[in-house]
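One chain, chain A, links the two complexes that follow: it is found with chain B in the first and with chain C in the second.
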Partner chain A sequence: MECSILQTNIEKRGLVFDPRTKLLLLLTMATFVLGGAGQKIGLGRLVFSSISSCLCVLPFVLLLASKKKKVAFTYAVLYLVMLCVFIFVTPITKGLLNFLILGTAGIITRFLPSIVLGAYVVSSTTVSEFTAAMLRMHVSEKLIIPLSVMFRFFPTVGDEFQSINLAMRMRGIGFGGKNVGKMLEYRLIPLLSCSVKIGEELSAAALTRGLGGNVKRTNVCEIGFQIQDILLILLCGAAFFLLILSTFGML
Partner chain B sequence: MIEIKHVGFTYANSDSGTLTDISLEIKKGECVLLCGRSGCGKTTVTRLLNGLIPHYYEGTVSGSVAIDKLEVTKAELYETSKIVGSVFQNPRSQFFCVDTTSEIAFGCENMGLPVNTVRERIAQAAQELNVTKLLGRNIFHLSGGEKQKIACASISAMQPEIFVLDEPTSNLDVNAIEDLRNTLLSWKAAGKTIVIAEHRLYWLKDICDRVVYIQDGSIAFDIPMKAFLEFSTEHLAKLGLRSLSMEAFHVEPMEAKGGAELILKDYCFSFDGLQALNIPQLSVPIGGMIAVIGLNGAGKSTFSKCFCGLERKFKGKAVFDGTAYGRREMLKKSYLVMQDVNHQLFCESVMDEIQLGMDEENMNDVDTILKELGLADLSQRHPMSLSGGQKQRVAIASAILANKEFLIFDEPTSGLDFQHMEQTAGLLRSLWGRKTAFIITHDPELIVRCCTHVLKLEQGCVADFYPLFNETKNRFADFFYKNNN
Partner chain C sequence: MKKEKLNGKDLMNVGIYSAIYFVIVFVIAMLGYIPIFMPLICVIAPIICGIPFMLFLTKVKKFGMILIMSLIMGLMMLLTGMGYYSIIVGAISGLAAEAVYKSGGYKSVVKAVLTSGVFSIWMWGNFIPLFTNIDQYFSTRQDYGQEYIDTLTSIMPLWMCPVLFIAAIVCGIIGGLIGKNLMKKHFVKAGIV
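The block that comes next holds the complex of A and B.
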């Protein structure tokens, strides 16, 4: 299935993490890899670039642990190739070519780990785990319900999108066809109208099952911090601790 | 138990489904069938019962709806949800979670039941409806029938007194309908009240006690099931209802014209190592109207995707006119009319839509085709604003104008009443002899009206293939009605 990246497969999950750990991890990744926090000169540079490198390995490990070998290795290969290009090819090229290679490799090495980690978080968290985690964090139900609907909606939109693609191929709309310029429009119109209809039916079904009642919702989903969560949290904590130290000039 | 008194209702933004004056009293433990033509208001009645009207679908409502002492039109939806459970038409859009267990838990969680009670109820509901094997699965990977079972289980876990079902079998195959029938029987045995709005009637013969026929927003008759079973098929047809049994079906023999043959070679395909389709060779008549039947998962949709050239890794060939055509050529020559036809309408007007991808040579035929398909007056309308049947016709018109030789229809009559089913059958019959069509369907009434051949698939293989005459109709009748005689 092509869109399975956004569908949580709970049948064979492998190692499970608490959703809160995953959120913290995402935040850490965004700060150090995407944001490149703390990478100044001197000793700090060395420390934080090694933190950043460690973090880049994480999505690979996590994907392997959740039995998504194909995605894991694709990520590893793509990242390593781009890193090699960045390190070895950029110094020996010049001019526009250098600029292009530097840009592509730079952007991909910075963005890819966070994107892959994001996809991992979405694809490994079920709606009920997510709501349970939000409840534990004392987030308001007014925010939880729309967010959980979004979680439910991603795979649906993926499904719809696939059917629309098939329909377009039968009509000969695609690269090389007559209507390349309208490809986006032709995709969005049916997608919007189908999504609106499904959204409407979805809300009706949820309401007839008592969503939005006056009692506090319970949740049967068991979440909690395990040993693997604690390890990851310590890692993230250490990274932020070092960042604070360096901000106050102690590193 | 349920008391509907002089209720009238008009939707805020639609004319169909309006109720003028409905009064209905349903006792505890009764099982009531609501039937009538499309748009007669039977769905509206189910929405009155579960409170979606007036709390979710807006409009003007008069009269009163009471369940025991609860005034449904005034009570909050979550109050009503504790005593009325609803199952809807589309299994895709009525589950809220991604995995089955949390889905069954969802309603109970909303009621704020303690975690242990919820667990017990999940186990109990799963056992009663025989879905224990489905627990802990990803709902997106289930078949339509399995999804509908989970929907029933999740309602069952809330233990409501009343079950309201709105066309629950529209997307189901024979076996799934049989499962749903058993579910309903178990609810009935437990003394629950059931109200069901439905087009397909044959499977409800021994479930419902009462039949309420709704016409133009009011009740035309309200009789016991026994009396309803006496109705002749012609009488039912006049009322716009599907038939109750198979015996009455009459096949109008149609022969494939021309005599040329289309040979399908190496129609084998597998995903994830599972053989989904395995047809080494099959020859079908060109110009035939071929019904493709089989249970969910028998390979019907894989067959249609492979035929249309939509499966990229498919290697099979279609041979006709002395040439073997591969995937890419077949993509140009064939067209799949999808079950949800909304997926294939892209343009701003019907005119643009049917000219998109059209052969320039056919410019002169545009008006003829529009007239022929009854779309002449609609050519400037937005396709999305049309009714389901009209959308289907737009899709067919665009396929004809694009010079497609092979048309595949994926369940063209799911959820249609008698009249609309006949219209679709007529439309398909008009293609007979001009195009070769494969019609994937669970609808025996459609097959006897417009097909020349029946192709039965089983686990990806051809189980049976024969021309359709009155003499051979029992061969597929057995398949559709094996459990209902």
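The block that comes next holds the complex of A and C.
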């Protein structure tokens, strides 16, 4: 069976990180690359742009370390091409063309790293590991269960949506066909009804594993911080430390 | 009414619908990079999300489920770089939505439509930084290009802030109505609800 990019394959994972490290990394990425925190004019701008560039390289390294070479190189090539477009093409274009190119390149360079990192986190963490990590962080079970179900469910929603999309396109319900108005209804409703069904199966499966019982659950996953985790945490910590310094005007 | 604790099944329902909801919001939010669509997110997203949300409400029978979903949306927004405002707004609007639906005994269809409107307020939370500190907002988004910034500034004057707030509620209600009708058409007949 062909494995989709979001599904976890436990056997050949390569370098493993603690889920907590991955979450911290996602947050750091969201703050510095997506949110562009701290990028003001002057020295701060230089410092934080270099931080965000460093962070953009990370998904590539992580993907390589987890033996997903194809995705890693696709990401690297796409990102570099967009970056080159952004740096070299935008100064020589004007008007609408400039707007379009700048918009596309700027948005892709900003979003791609986080999206790829997100896909990496989802694909390299099993639900069990995720739950174990959340339990260690003393998050309430009321949040753990929905979050872990979401974690498990994202790939499913994607898969189902793709299949529904194909089926509807075959029936001529899409942008090209005559039934544009029905596009939404004919996609959302099947998606919902199959999600309801999958959801019911999922809860039955989880109940047999004792989810939602009164007893404290145990977990076989061994998670813990290794050297690679500490390195990443230090990196994220340093970035946030600099951000705090700059907020108080010391940079 | 007897106070019941949320069990595993309820929480899993929250997870499933949050996943669907978030995927839809995420796809729509991508449109925001065409400047004119930015304020329209507050219109389109609640309408479309009303459909899964109404189905979700049929599963809600206990206190807390709507609030948890609202908080999860806030968390996801934090992780996707929209800032922390949605969590704060989401906590309040989630609680309000919870209260509205509870007042209908977790059954009333009219209250469910209203709940869908109140719940949609969390989306407005994403826009707060645009109004409170627009210069700072754009100082971190220089690479979108000056034209994007100019266009967005011109279509987002300060009076848009309450307008968007109301738009979110109204469109949430419209979404709820559409969701109600679609549910009647598809799910009640099929026996899912």
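Following the convention adopted for this analysis, the second predicted complex is superposed on the first by the 213 of 251 C-alpha atoms of A that agree within 3 Å, B and C clash if a C-alpha of one lies under 4 Å from a C-alpha of the other, contacts with A are read in each partner's own complex, and residues count from 1 in each chain.
Everything that follows uses one rule, which is that a residue touches a chain if its C-beta (ideal position, glycine included) is under 8 Å from a C-beta of that chain, and two chains touch if they have at least 3 such contacts.
Keep in mind it's a predicted model, so treat the numbers as computed, not measured.
Asks: Applying the document's definition of touch, where does A:143 land relative to chain B and chain C: first, second, both, or neither?
Replies: Only chain C is touched by A:143; chain B is not.
Asks: State whether A:172 touches chain B only (first), chain C only (second), both chains, or neither.
Replies: The answer is first: A:172 touches chain B but not chain C.
Asks: One more residue to check, A:228. First (chain B), second (chain C), both or neither?
Replies: A:228 sits against neither chain B nor chain C.
Asks: Would you sort A:220 into first (chain B), second (chain C), both or neither based on which partner it touches?
Replies: In the superposition, A:220 contacts chain B only.
Asks: Looking at the overlay, does A:163 come into contact with chain B only (first), chain C only (second), both, or neither?
Replies: In the superposition, A:163 touches chain B alone.
Asks: Have a look at where A:206 lands relative to chain B and chain C in the superposition and call it first, second, both or neither.
Replies: Once the two structures are laid over each other on A, A:206 reaches both partners.
Asks: Once the shared chain is lined up, is A:189 touching chain B (first), chain C (second), both, or neither of them?
Replies: After superposition on chain A, A:189 lies in contact with both partners, chain B and chain C.
Asks: For chain A, which residues belong to both interfaces, chain B and chain C?
Replies: Residues 149, 185, 189, 193, 198, 202-203, 206-207, 211-213, which sit in both footprints.
Asks: Okay, in this complex, where on chain A does chain B touch?
Replies: Chain A reaches chain B through residues 7-11, 126-128, 149, 151-152, 155-156, 159-160, 163-164, 166-173, 178-179, 185-187, 189-190, 193-194, 197-198, 201-221.
Asks: Which part of chain A faces chain C closely enough to touch in the complex?
Replies: 26-27, 29-31, 33-41, 86, 90, 98-99, 102-103, 106-107, 109-110, 114, 118, 141-143, 145-150, 153-154, 157-158, 161, 184-185, 188-189, 191-193, 195-196, 198-199, 202-203, 206-207, 211-213
Asks: Which part of chain C faces chain A closely enough to touch in the complex?
Replies: So the residues of chain C touching chain A come out as 6-9, 11-16, 18-20, 22-23, 33, 48, 51-52, 55, 64, 68-69, 71-72, 75, 78-81, 83, 139-145, 147-148, 182, 186-187, 190, 192.
Asks: Can you list the chain B residues touching chain A in their complex?
Replies: Residues 50-52, 55-56, 76-78, 80-82, 84-86, 88, 90, 92-99, 101-102, 105-115, 118-119, 122, 136-138, 140-141, 154-155, 158, 305, 308, 310, 331-332, 334-336, 338, 340, 342-347, 356-357, 384, 398, 402.
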